[in-house]
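Each of the next two complexes has chain A plus one more chain, namely chain B in the first and chain C in the second.
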Partner chain A sequence: MASTACFIIVSRNDIPIYEAEVGSAVKKEDAAQQHQFILHAALDVVQDLAWTTSAMFLKAIDRFNDLVVSVYVTAGHTRLMLLHDSRNEDGIKSFFQEVHELYIKVLLNPLYLPGSRITSSHFDTKVRALARKYL
Partner chain B sequence: MLLVCRCVFVYSWSISCLSFICLFFHVQIDRMGQKDPILEEEVKYRYNNVISHYRKSFIQDNAQRVSPLSFELEATLKLARFLCRREMAKEVVELLTAAADGAKSLIDASDRLILYVEIARLFGTLGYHRKAAFFSRQVAQLYLQQENGLAAISAMQVLAMTTKAYRVQSRASDSKHSLPSEIGPSHADGGKMHHHSVVSLFESQWSTLQMVVLREILMSSVRAGDPLAAWSAAARLLRCYYPLITPAGQNGLATALKNSSERLPSGTRCADPALPFIRLHSFPLQPSQMDIIKRNPAREDWWAGSAPSGPFIYTPFSKGEPNDTSKQELIWIVGEPVQVLVELANPCGFDLMVESIYLSVHSGNFDAFPIRVNLPPNSSKVITLSGIPTSVGHVTIPGCTVHCFGVITEHLFKDVDNLLHGAAQGLVLSDPFRCCGSAKLRNVSVPHISVVPPLPLLVSRIVGGDGAVILYEGEIRDVWISLANAGTVPVEQAHISLSGKNQDAVISVAYETLKSALPLKPGAEVTLPVTLKAWQLGLVDPDNAAGKSASGSTGRQSKDGISPILLIHYTGPLTNPGEPPENGSSVPPGRRLVVPLHICVLQGLSLVKARLLSMEIPAHIGENLPKPVRLDNGSTEEVTISESKADGLVKIDPFRGSWGLRFLELELSNPTDVVFEISVSVQLENSSDVDNPSVDQDASELGYPKTRIDRDYSARVLIPLEHFKLPVLDGSFFVKDSQADGTSSGRTLSFSDKTSKAELNASIKNLISRIKLRWQSGRNSSGELNIKDAIQAALQTSVMDILLPDPLTFGFKLSKNGAGHAAKLDSPKESNVQVPSTSKGSVLAHDMTPMEVLVRNNTMEMIKMRFSIRCRDVAGANCVEGDKATVLWSGVLSGVTMEVPPLQEVKHSFSLYFLVPGEYTLVAAAVIDDPNDILRARARSVSSNEPIFCRGPPFHVRVIGTA
Partner chain C sequence: MAPAAPRSGDAIFANVERVNAELFTLTYGAIVRQLLTDLEEVEEVNKQLDQMGYNIGIRLIDEFLAKSNVSRCVDFKETAEAIAKVGFKMFLGVTASVTNWDADGTSCSLVLEDNPLVDFVELPDTCQGLYYCNILSGVVRGALEMVSMKTEVTWIRDMLRGDDAYELQVKLLKQVPEEYPYKDDE
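Here is the complex of A and B:
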């Protein structure tokens, strides 16, 4: 499992709708903020890159210091972003695909307003389980 | 040229030369003003060469005194700048990322700072604002690591540039500020937005980042000594992210705000509002004293329809919901204070002291009054903000101006509305009002407010106390309502109408008084008398009376909504003097004054029950026949004895006799704690004395002496009903029987039957309505008890007996010669006997007394009958027949066959000889032969062959003398 991994889902309106620190490293507030700053900045790169390929998984698109940003863009332009320090590309891809399925399930909930925060604890548990499995 | 380049290329120490060449190309391209792809490729190639050379040298020679890293980075950045175009974004990003990676190896912080500045600038040029912001923040952090003021200022300035990308910009720098205003109108009319537009309102809710950035701005501006920037950052941080900040952190921010404001000159304004959250609560409806009614100039009665006439002042069907302020237009009046309710919320954990808050109006025709509010932690408060419109026009209220934490800020309602809307959708962290325990409020938008010129203003006052008028049931009293014009314009038109429940409690309103006082000048006053009659308590709500009897107290009833309401619509002149008459559409509106008449009805005298009693008081025989008082005096043949008439109702005159006297007994109880005096009066219809004008009009209404009913006592009042006999027994009163008869068939008859039935009913009603029971308590309470229903119920069963005469009436009297004798004999004895009144018709014993009996037929048909006369003594034994007869007689006393023509009288004479003085009773009775159906119906006989008896009233004979 990667020592640092920050997973975030950004809606098509650039609002983070789900955030999770899924790394095994000891959590520090400063670091978590820094992760978010890096992910936020990476959105600029994703914005351009997403239209250059038909693939959903954009691989590692950005990096800062030792941290790499991998992105998976859904058809609805929701971005699954992972900040990590490991280089396990296949695991990340599988992780993204499974989370995408989970996300679609959330979208199917008639009480969920698309674009709003995902507060389902079930979703959170599943995402963390997937992170343990693949990262 | 390229050849030359290749020639001069020497490894290792000619790199700087090469970069010089690159620069040369660079300059060349810039000069040419167009991009030559070949040339560009070449430059790229050269730069990459240079970069790779630097890298190699770095790896090879670590011990070199001057690190080639800075040269490599410089080259990278130069290439990036050279390529910095939208199309080349990918390459530039790669270059810049590589450059950023190099920053790790830079030892000198200022080198890193310069590197980041350059990267941020290049990203910014590329249009990657978030990237640029990210590196700017890195720059700011590096600045902040330097412990000096100038560096702090630089940090602050750099951070200020990042605020746009992180969407935490100050409102002052946000020039367009267009997003909320775009949303505003659609918000107002729809109330329901598209999800996307709602979501876009809260775009980039990267709250963690935003808080960090704001905190850094706050820190840097504190360090840089810019109190206003610090205040603004702290305000933004507190307002937007209070749910994410611990109470201790909130307190820290409040302290930061206070500290900053201390270093600011007083009266400093800041574009960013801090606390509290302010939303529009409502525009209170005009107090009912000052309702404004739109006036239709085309209609004379403009007030009609302006107020629903039902028991509810505001019905869902009336024009426009009063609370629906979005549709409603508000009218404010120049010079009259208005109020607006706003709700303040302090969701933070410290006491919030709002030094002053007032409505912020930009139209310049409104004077707002500031107030001071203190909001405890986690609380919300609805406060009333007031002001005075100063000139005609329109007023818009976008928000409030608040002086809090030492700085003046403007709080817009729109912002909070958007925030609440987002909270409702789950897009914003928290609803500041709900977390303070305030109820969810419907979205209130600012209505269209127009200010009109001054209007008159009537103020009402109830003369002699503004409290409830306390009345006993049925009490009639006048109240005086004083109306004063408190406005600056005269009242020119006024109209009074009634509304609410129990409208019939208002008997009269002196409308003329008001009308004659018009125009009512400013300051003038007019007093209107209004006559009230208290309603019956039991009819209004029976449970109240029940509860009262249980508790035993005389409960006061002053519930709202049961009293009538006076509505006074009034208006000033059509055009104001000194103003040009505008086009007809804009007539100054009228106003409505609502005067609720607070009537408190106490339970008063109550009627327990009404009962019909019958009595037979024997008449004394005399020279005259008893005088039946007829309903219709014109048809009676006898002249009434008018002087005895008035007291005849009170005292039984034995000489006038009575036949089946009936009384109406009213049982009254007084559950109150005051004394009531009641008086029963019977109104006599068409005062019978056309032939006797000397009798004054009072005689037409017979009063009984007053009866006093003490508290908690009951009393009974007897009302004789002898006056209510019809003169003729007519078949038409028995409609059913005559129809069954069959002899008198045809519609004409049934029609006349109907009419006479109606007449009968009318006469019953008439009878009832003529009995009045008035009461008086104390000096100024008086009223009338409603006993109609009770009487009707009492009379229902026996109304026929009361109203209809017997078919035959019998009257005894002394014949002339005998009477004269008796009178002669009586006169000297009057003083001795001491009972002069009774001696009048006395008969002497041992004397032949000629008498006559008059049989009157009260029907329209001939009656054949057999009648007999009986004389009984005190013991009731027959004293004419039998062994011990004490009376001798001459003439026929029994089995007299007689035919009496309709409405005629037949006289039958006889004489009696009394052997023993004493009291005797004469009774005549008849058996009617061949009775018709009318008589049967009157006698209530069941079978057709049953004999019909008719018995006359007893007559008393006093026989004097010695035995």
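Here is the complex of A and C:
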């Protein structure tokens, strides 16, 4: 498993709807803020890249020191963004695909309002399990 | 001798028109969602779902009797079996099991292991009091009322609240004698 990884889902309206620090490194408060900052900065790159390809998985699109940002854009333009320091691209791709499936399930829940925060603890547990498995 | 009442709804289920399960689930979900938005109070939504179910039930019973060929039930036990095995199968595609009879046979539980209404659904914190499938209890109540049985139907277990199955308690309050619709002097 990667020592550092931060995963967020950004809705089509640029609102973060899910965040998780999934790395095995010791949690540091300022690091978490830095991660958010890097991911936020990468959103512009995503916007430019998303329309140049038909693939959902955009691979590594941005880097900051030794941290890399990988992004997966769903058909509804929800962005799954992962900040990581591992180089395992296949694992990341599988991770994104499975989280995408989970996200669709959340979206199909009639009591979930699209674009609102994902509060489901079930979703959270599953995402963390996937992170342990693939990253 | 009259043909034996069907013990399962499989044959009828195979012949009725069906809709895509996801379309059905999402349509029901949209109704509940809209009710939550309109009525705001979870309690009100429960009531409204029950009322809607009742309105469905009082119509559905005719369809049920017309298509299922069940013969007249001699007692409440048989009625419960018919609902669980034939009724649920016919309209919902699943069968329920009947358990937890009380001593005098007026109250029982219909247990659903599988419920197509709740695929994808997860109750958020804001809707904890919601009986998502309350429409079902209304349907059963309405249908039984049309065949002269006053019942009270309540949810005992609900998977959305962390239980292991759906359990619907059906309690027979009284059997209304069939009334001749005209008065003598009319």
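Here are some notes:
Rule of thumb we're sticking to: the second predicted complex is superposed on the first by the 135 of 135 C-alpha atoms of A that agree within 3 Å, B and C clash if a C-alpha of one lies under 4 Å from a C-alpha of the other, contacts with A are read in each partner's own complex, and residues count from 1 in each chain.
Definition applied: a contact is a pair of C-beta atoms (placed from the backbone, for glycine too) under 8 Å apart; a residue touches a chain by one contact, two chains touch by 3 or more.
Predicted, not measured: the structure shown is a model, and the values here were computed from it.
Contact with chain C, but none with chain B, is seen for A:122 once the two complexes are overlaid on the shared chain. Put simply, more of the residues of chain A are touched by B, taking chain B and chain C as the two choices. Once the two complexes are laid over each other on the shared chain, residue contacts for A:110 go to chain C alone; chain B is not touched. When the two complexes are overlaid on their common chain A, residue A:56 makes contact with neither chain B nor chain C.
Look at A:31: by the touch rule set out above, it reaches neither chain B nor chain C.
No residue of chain A lies at the contact with chain B in one complex and also at the contact with chain C in the other.
Contacts from chain A toward chain B in the complex involve residues 11, 13-16, 19, 32-33, 36-38, 40-41, 43-45, 48-49, 52, 62-65, 113-117. In the complex of the two chains, the chain A residues touching chain C come out as 105-106, 108-112, 119-120, 122.
Listing the residues of chain B that touch chain A in their complex gives 89-90, 93, 97, 100-101, 104, 123, 128-131, 133-135, 137, 166, 195-196, 199-200, 202-206, 208-209, 212, 425-427. Interface residues of chain C facing chain A in the complex, by the touch rule stated above, are 22, 26, 28-30, 32-33, 36, 119-125, 127.
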